[in-house]
Structure formats: C-alpha cells, structure tokens
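One chain, chain A, links the two complexes that follow: it is found with chain B in the first and with chain C in the second.
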Partner chain A sequence: MTQRQIRILYRTCWTIALLIVAIPFMFPFVWMVSAGFKSTTEIFGAPTLIPRVWRWQNFIEVFTYQPFARQYFNSLYIAILVTVLTLIISSLAGYALARMRFAGAGLLMLFLISALMVPEEVTIIPNFFLIRSMGLVDTHWPLILLPVFGPQGVMATFLMRQYFLALPKELEDAGKMDGLSRFGVWWRIALPMSRPAIAAVAIITFLSSWNLFLEPLIFLSSLEMFTLPLALSNFNDSYGLPLWNLQLAATTLAVVPILIVYLIAQRQIIESFALSGVKG
Partner chain B sequence: MTNVFLKGIEKRFGSVEVIRGVDLQIDDGEFVVFVGPSGCGKSTLLRLISGLEHISAGDIYIGDRLVNEVQPAQRGVAMVFQSYALYPHLTVRDNMGFGLKVRKVPPAERQRRIGEAAATLKLDALLDRYPRELSGGQRQRVAIGRAIVGHPDVFLFDEPLSNLDAELRVHMRSEIAALHKRLATTMIYVTHDQIEAMTLADKIVVLRDGRVEQVGSPRTLYENPANIFVAQFIGSPKMNVLPADAAPLLAALPATPPSAESVGVRPEHLTVVSPGEGVLRGEVTLCEYTGAVTLLHVALDGGHDCLVIYDEREMPGVGSVIGLRAEGQNLHFFNQHGQAILASAHST
Partner chain C sequence: MEAWLFVSPSAIGFLIFFLGPLCAVVYFSMTEWNLLTQQAAFVGLANFKNALLENPDFWHVVRNSVIFALGLVPLNMALALTLALALSRPFFGVVFFRTVFFAPVVTSAIAWAIVWKFLLQGEGGFINQMLAIVGISGPNWLREPNWAMAAVIVTRVIKMVGLNMILYIAALQAIPRDYEAAARLEGASRWQIFRMIIWPLLAPTTLIIMVITTIGSFKVFDHIYQMTGGGPENGTLVLAFYIYQQGFKFFNIGYASALAMIMFVIVMMLTIVQVMLRRKGAE
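Showing the complex of A and B:
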C-alpha cells in the first residue's frame, strides 16, 4: 500500500466515523423536516423518513391557522432590535468599564456579574409587576427591554469589557495623538478591532432573543403579538392536542433564519461560543 | 522655533511619586535622549510632554506656548510608540493618513503628504498592505511615517527600537539619525540602551527615580560624569568604582583629593602590566573573548572586582596575577555622597 492510499483510507474511515456520530444529531432535524410534509395519519402510522405523500399544504395552513407571518415578523424584528440595542449598550458600557477610571468601577462590575447568578424564573414575577405598572403588558417592549437591560445585556457587557481590556492601550494613545476624542477612540479604533467580540455578542443575543419563550408566555396574550416560540406551541386542535404536522412545518420555517445565520457565520459562531464560554 | 521647556514637572499616580521636579530646556532642532534604568520615569516624562498623561505640578512649554491643558493632538507633537501602535484594521496608507483625516486635511493634500513620507521612508511599495503583512522594521518605518505626515514641531520616540533584533536595531538607528538630519526637527527619544543614547543624541538626560541626574552631550557624560550613577550607567562595560586608596596604585598623578571616597576608571582605560610593586594587583577570574577585545574579570587584592578591556593577542590565563595601570586623566574621583569631585577642585 502506498503512502497516498494509506492517507485516502485513513480519511475515508475518519469521514465514515464522523458521519455515524453525526446521525443522532442530524436525525431529529431530518425527522422534523420530513414530518412537516406529512399528514397527521402518516406521522402516527408506520415510521417513514421520506413522506409517502408530500403534503405541501401544511406550509400554507401554517399561515392560515394563526397570523404566522405576523408572528414571524415579530420575532425577526424583536431579535434584530434587541441585537442592535445590546451591541450599542454593551460595547459602550464595556468600554467604559474597561478603560475609564472611576470610583467603584470594579465593584460595579462585580455587582453586574452577581446579577447573572439569579435565575430568570426568580425575577419573572417582580418583572411582570414592574412591566404591568408601566402599562406594557401585551406589547413587545418587555421582550426588548428585559434582554437588553437584563442578564443577557450584562453578559454582553462583560464579554465586551473583557475584549476591550485585551486591546493594546498604545493603540488608543495613538488615536488620541491623532486627535480622536474618547468617543472617537471607541468608534474608530476600539470597535473595528473588536469584530470577533461584536460577532460573538450579536450571534448569542440574536439566538437568545429568537428562542425566548418564558417572557412572551408571561407578557403576551394577543395572537398578533406572539413571537415564534409561543406561536409554535399554539398549533393545537380544539382539545388542546398538538397538530404535529402543522407544528413541525412551522418549526421547519422557524429554523430557516437560524440556518442562514449558521451558514453565513459558521466560523464566527464557533469562535463566539469559545469566546463566551457558553454552549450552542 | 520649537524648543521645549519643562519647569518643575511632577507626576504622582496616587501616592506614588514618579517624576519629582524635573527642569529641562530642549532647544530647537535638538535630538535629546532620555535614558535611565527601568522605572526611572523616562517614558512617563515623554507621555507628560505628549499630553497622554496630566502633570501633577509644574509647567510644560512647547515653542513658547504653555501646553499644560492642551490636548495631545493640539500640542504639535507626534509620537512613535514602542509597539508601533499601528491600527491593524487599516492599510499602511490609511494608518499614515488617519491623523490627517481626523484633522480634516483635504484628501489631495493627505495623499501628497503620505506620498512624500512614503518616499522618504521607502514605503511606496507597501502602502496597500496591512500591518500584519509587514516585518518589524517595516512596521517601525510606517510608525515613523505616521508621525512625519502630520509635520509636527516635536517628535517623541518611546523606545522605538526595543522590539527589533540587534542587526535591524543598528540599521534603524542610523535611519533615525539620518531622518533627524534631514528634517532638523526637535526630537525627544526614550531608551534604556545607552549605546542608542550615545550614538543618536545631541544631548542626553540621565534619569533616576524621577529625577534628572545629569544633562549633557554624550562626550560630557562619558568624560565628566556628575556622579557614580551616571559614571556607571554611561559606557559599556560599566565603569569600575574602587576605594580612593587604589588611585595612587593606578596612576602617580593626580594626587587623590582629600574628600575622595572612591575612584572610578573605565575598563577600556586600564592597561595590564606586570604585577610588580606599586601597581594595582589582582587575579584573573574569567576571560570573555568577544572577537575585537577580551573582557578580563579581575579579583583585586583588596577584595574588589574589576573589569578590564584587553586588546592584546596573548591574553593572561585564568588564575594568573596581573598588574593594572591607568592614565591619571582617566581617573574620576567621587566624594562620600557619590558626587564627582571636579578636576579643577582637586588639581588646586
């Protein structure tokens, strides 16, 4: 056997092994897409991976059963808005905490970090009363304000601060020598150099907002205001039992933006999870 | 006319006093080097002049203008940093033009100045590259180019060659010297390398613990050090400092001043003679052959160690006893406080 043949054999074996390992991870996804094209009868019949009858109207009924397009748009605009606001606030706050000398900076950071240790479920009731007193129940404001100024915002601020701390201070000095104000240094030097951290925060925030379930469940009551995770749990028949074909067709549609984000920014996503120390 | 005048400069970080009252006059077009050991405050003093740090007390004048409260960019100074501080997300061209862009210099003028600086520093071919695609020497030239394009009144260099290898350092040193000659602008240069200081400076400022120990030309500092610290800091290998009673054994004249506590003699000024009566005797403990010369480590009879530069072909073996002599004019006498006793004072 030549060296080249050994290399090809090794690579083939390795690929096969990886494919086998990937099956358990891929199977639920493939099953979801497949079931999205089946009728309820076929879903509960003998298991088939490829639908016997391709039921395209599932994807039309998803939009007629409830205002799914509106709900889809709600999720999309909320996730984008939360991501943009979080990026602006966390990068400004992170930069201030990393670079500005003021009394109690360390204590403030410690206080913010300690807020991360409080489970979301503990604060949801006080938050509900707060939001209700502000007259914002059944609006999208809680879904925007709570992530931006809550634990996710703190996590993003912490990530940005840590990244800014690692930037060479001499670059900022050079910026000052070139005539930049402190804001200019942040905007024209610190931010462009922090693209990996910005990508990490953007991806984590977008995914987190996209998948938000508890807050919409607590704060929203109108179908038109629902976001996707809540809408997905709402494909039920009159007895409250799930309409699996519609639910899985809707779920297939719901993962499309996430898939697109993954395909475009695979490298950054892996880096972002490494940077933040969180799992996908 | 861009002279720099420092008057009673002090800098404190909390309770730590870093600069303790520095007075200094730097003339127009002068190349001044701040030199001193790590932590002596030389970089801090440079940052105070640049405006990157605020002074705690005193006044800074640049070109007869009090600049205590003036922003760095408005002081008419440009700084070259130790780590080059090139913006990694910008090309060489954009790095060099960044300051001009911030100051809203028209694009045509900007390009003209970048072109001029690039031609001066031989950077023409590198203008569209990113800093990561450049070697250390090229990055250093870009950093200098970035300083040049602003047409500053004063250049500030903060240990600009310390990240380069030895060969490149020598090359860049000569380039900086040539640049100073061409631009004839006031330059203030910080280094801990006294060879750099000696070769580049019109005037050297030796700092220790936030104070100026001596200011003078390289020759003045070498030939007439004000105290033991300067005597040992300037010159390589450093000056030998021995008890004053060793002086008559080294040279018959001049007579040892009564207030002399110690005598200094540079290794290159010592001559190896046979260990007879009336000469300073010692045993060779180590011979370091460097090619051009040999550095002898000698343990003197009195228990002191002494370095000798020996340039003869036949070198004494380790363990051999040798005698040492020096010219009287090369002896430096210091009092009990380590201050030099002036030649005129001890010749009278």
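Showing the complex of A and C:
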C-alpha cells in the first residue's frame, strides 16, 4: 500500500470508531422523539425506530395533563429576565473591578472569588427561610434573584472583568477626554467592544436558567408556576409511575428547540463554554 | 464613590443572598430545629457529632459520593482526552463530531435523565432488548444498587464529557506544532510524542479539569433526583441529595445545615488544592 492509502485507511478506522462512540450521545435524542410519538402499548413492544402508528395526540395530551404552555412560558420569560439582569449587573460590576480604583475593591474581589467556590446547596437552606420571610415562596422571584446574585452571576462578573481588562485603554481615555462620564464610557465604548463576552455570558446564563432545577423544586408548589424541568419530572400517574409517552413527548418539546438553536450556533455556544470553563 | 454605583447592585445582592445565608448556615448547623415542631434550640456541635459518629447513613452517603467521584472523574477525563486528541485537528467531519459530543452539555439534566431512565428499564427497556438480541439477559439497571450507581455514573459522564473535551481541545491547540514536527524529525513515534511532549504540556489543564470535575461530582443533584431518587436501597444517595432530603423532605434543618457545612469544607479543600497546584504549575 502507498503512504496515501495507509493514511486514508487510518482516517477511516478513526471515523468509524468515533461514530460508534457517538451513538450513546446521539441516540437518546432520536429515541426520545420516536417514543414521544408512540402509544403506551407500542412503547413497551418490540423496539421500532419509526413508530408504527404516529400518535400525535400525545402532544395534545401534554398540554391537557398539566398547564404545559404556561410552564413553557414561565421557563422562557424567567430565562430571558435572568439573562438581561445578569448582563446588566455583571457588566457594571465587572467594569468597575477592571477599570476603577476604589476602597474595598480588594475585599470585594476576595468575597466574589469565595462565592465562586461555594455550591448553591450550601446556602439553599437559609435562602429558603429568607425567601419565605419575604413572602416569595411559590413565586418566580427566588428563581430570578438567587441565580442573578449567586455563583452564576459572580462567574459572569469575572468573565466581564477579564474581558474589560484585555480591552485597549486608549479608546476609553479618548472618550473621557471628549467629556463622557464613567457611565458613558461604559455604555458607549466598553460595552460595544465586548460583544464576545456579552454573548458568552448571555448563552451560559440563559441555558443555566432554562435548566435550573433545585430552586424550582424547593420553592414552587402550584402547577401554573412550574418551570419546564420541574414539569417534565411531573408526568406521573396516580401511583407515581411515569406516563412515558407523555413525558417523552413533553421532553421532546422542551429539548428540540434548544437543540435546533445549538445546531445553528454551535461554534459560538461551544466557544462560550470554553471561555467560562477556563476562567471558572 | 462613583465606582460603588457600578458595583452596588452586585454587592448588595451578594450580601443578602450569599454572605448572609452563608453566616446563617453556620448558626443553623448548631441548632436542633425541626420545621414541623417550629422550635429551635442551640445544641453546639451535636449535629456534627450525630453525622460523623452516630448516624450510619452519613458514612453510607459519603461512601456513595466517593464511589461516584472515583467512577466519574477518571472515566470522564480519559474519554475527554481521547476525544480531544481525535478532534483537535481539522478533518472531514470534525465539526459534526464536536457538535455531537457537546450536545448533551446544553441539554437539561432532567431531560437527559428521563430519557436514560426510559432506556434502562428492566423489562422492555431498549438497552435490555438490545442485549437480549446478543443473548445477554440484562439486569434491572435502576433497581439494583450497584447497577444503579454504575448507570448514573456512565450517563453522567456522557452528559458532561463534552465540556472537558473542549477544554482539552483548547489546550491541545495552544501547543505549538513545531514541537511535534521536531520530534517527528528525530524519529519519535506517535506514542512517544504524546508521552514525552503532549502529556507534560497538558499537565496544568489536566489538574484544573480534575479538580473542577471532582467538585462537580460532589454537587450532582438533578441527575440523581430524576434517575433513581437516591435509591434503590439508598444505593445512589449522594451528599447533595442527602442535604435536600434531610432539609426539605424531613425538615431536619439543623442536621441538614451541618451536612451543608461539611459539603462546604470538602469543596473548599478541593479548591485550595486546585489553587496550590496552579501555583506549582506556574513556577
């Protein structure tokens, strides 16, 4: 065999090996969609990739079993709100930590770094009593406040700070010479130059809010207030056993839109996680 | 002063929802407080004594958490590195594979656990139906403690390995190509290049990934909640789940707070190790 043929053979073997490894990564999504269309009897019969009978009804029953449309909307609006609030608060604080000298800056940094390390499970019990004393149990407030000011928000602050530090200072100095206030420099010069960091923070924050589970589980009790992950885990019959076809149909509805966005913007999304992973 | 206008939203929220609660949990951990009876009494270190010396559940939970970490971390890192080595250079299909291996990372843990629980059912589950074709009678995966633990570890690795994979890819791409070219001219084999050049250069990344993944493994909650609920026979009851169970199912606030403190100490120690290793790496 020539050198070239050996190379091609080598590449082919690798690709086949990778394809085999890829099965447990891809297959659950395929099977989820397929099972979401099946009837209860077919779901436990001989496995078929394409449903023998397409039971579209599952996707209607999902909405009658519990207020799924409302729950979907809850997840969406909370994730958007958390993302916007996190962006504003973290970019303000990140900018100050990167560019301004002020009393207490060192101490604040130290506190924020320690917050990065502490898992939310550690503070969740006192936070429960705090939220309860504010009368906010079974509202969406804890799902907004705790992530924005918790480890997720702190990580966003660090990401923004890191990015601001790397920006050329000259432009901001020029802005100041032209009479812009600190706030003006932040808004008109620093922020527009930080699009990659803003995108990374937005992507990671949105996804983590969308997938949040512990807080909804602890704080929410009425079905209309549920968010998607909590709603998904709630498709059970009166014995507590899963209603598989409905549960998988609902899971399909929750997962597929995210997957589509991911496929379109995969490069941007993967880069965002790489950026935050290296910092965190 | 102006700077405080910038940081005050962040700092105030941080005081209310993080620093305050962190101090409170220290106090809570030293009280006997059952939510059902609505009475709190200061008991000093009794909750810690209960956990560490008296309650057999605690050490069972620690054992589970350690097994989970010992299973997950090496498996995750070995797979992540292998995939990264295969996918760090451009070739036909590289984007496809990266996209596939990373897809579970953006998916909610609950959705992922729902689908795998479905696939792993004892009777009529897809995995067992496939095994039956090759003549293997598969176990009732999530109903037997050891199999359940193995299932939770493996499905968690598949869910999260993409994250470590991209960190490794970034580190591999930062290694100058000249190194490898020079070694190849000297007649080094692929394995020698990996062993003598790439692996040592990856060491800082490996250490960071190891600590991040270990901390993550101690925090795992939603995955286990949905897949096994801590069962069967408490076989997958790990620390984060135990805290939730004691605090929000049984309302043993004092005891659960003591557990939270113990978790805090474990994560803190891991983080200190990480910082020390990073310093050592920088020297």
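Everything that follows uses one rule, which is that the second predicted complex is superposed on the first by the 250 of 280 C-alpha atoms of A that agree within 3 Å, B and C clash if a C-alpha of one lies under 4 Å from a C-alpha of the other, contacts with A are read in each partner's own complex, and residues count from 1 in each chain.
Everything that follows uses one rule, which is that contacts are C-beta pairs under 8 Å (C-beta built on N, C-alpha and C of every residue); 3 or more make two chains touch, one makes a residue touch a chain.
Keep in mind it's a predicted model, so treat the numbers as computed, not measured.
A.B. asks: Between chain B and chain C, positioned on chain A by superposition, is the outcome a clash or a fit?
C.D. replies: fit
A.B. asks: Looking at the overlay, what does A:Pro192 touch: chain B (first), chain C (second), both, or neither?
C.D. replies: Once the two structures are laid over each other on A, A:Pro192 reaches chain B alone.
A.B. asks: Between chain B and chain C, whom does A:Leu107 touch in the aligned arrangement: first, second, both, or neither?
C.D. replies: neither
A.B. asks: Now for A:Ile270: first (chain B), second (chain C), both, or neither, which partner does it touch?
C.D. replies: second
A.B. asks: For A:Gly184 in the superposed arrangement: first (chain B), second (chain C), both or neither?
C.D. replies: first
A.B. asks: On chain A, which partner's contacts cover more residues, chain B's or chain C's?
C.D. replies: Looking at chain A, the partner in contact with more of its residues is C.
A.B. asks: Could you read off the angle at the CA centre of chain A, spanning the centres of chain B and chain C, to the nearest 10°?
C.D. replies: After superposition on chain A, the angle is 100 degrees.
A.B. asks: So in the superposed three-chain picture, is A:Leu49 touching just chain B, just chain C, both, or none of them (first/second/both/neither)?
C.D. replies: In the superposition, A:Leu49 contacts neither chain B nor chain C.
A.B. asks: Determine, under the contact definition given at the top, whether A:Leu241 touches first (chain B), second (chain C), both, or neither.
C.D. replies: neither
A.B. asks: Quick check: superposed on A, how many Å separate the nearest Cα atoms of chain B and chain C?
C.D. replies: Shortest inter-chain C-alpha distance (chain B to chain C): 16 Å.
A.B. asks: Need the overlap of the two footprints on chain A, from chain B and from chain C, as residue ranges.
C.D. replies: none
A.B. asks: What does chain B use to touch chain A in their complex?
C.D. replies: Checking each residue of chain B against chain A gives 47, 50-52, 71-74, 77-79, 81-83, 85-89, 98-99, 102-103, 146.
A.B. asks: Could you pull out which chain A residues touch chain B in their complex?
C.D. replies: These residues of chain A touch chain B: 168, 170-171, 173-174, 176-180, 184, 189, 192-193.
A.B. asks: Would you tell me which residues of chain A are touching chain C in their complex?
C.D. replies: Per the stated touch rule, the residues are 11, 14-15, 18, 21-22, 24-26, 28-29, 31-32, 35, 43-47, 88-90, 92-93, 95-97, 100-102, 104-105, 108, 111-112, 115, 117-119, 121-130, 145-146, 148-150, 153-154, 157, 182-183, 186, 207, 210-211, 213-214, 217-218, 228-230, 232-233, 242, 244, 247-248, 251, 254-255, 258-259, 262-263, 266-267, 269-270, 273-274, 277-278, 280.
A.B. asks: Contact residues on chain C for chain A in the complex?
C.D. replies: Its residues touching chain A are 1-7, 9-11, 13-14, 16-22, 24-25, 28, 83, 86, 91, 93, 95, 97-112, 114-119, 123-124, 126, 129-130, 158, 163, 166-167, 169-170, 212, 215, 218-219, 221-222, 225-226, 240, 243-244, 247-248, 253, 256-257, 260-261, 263-264, 267-268, 271.
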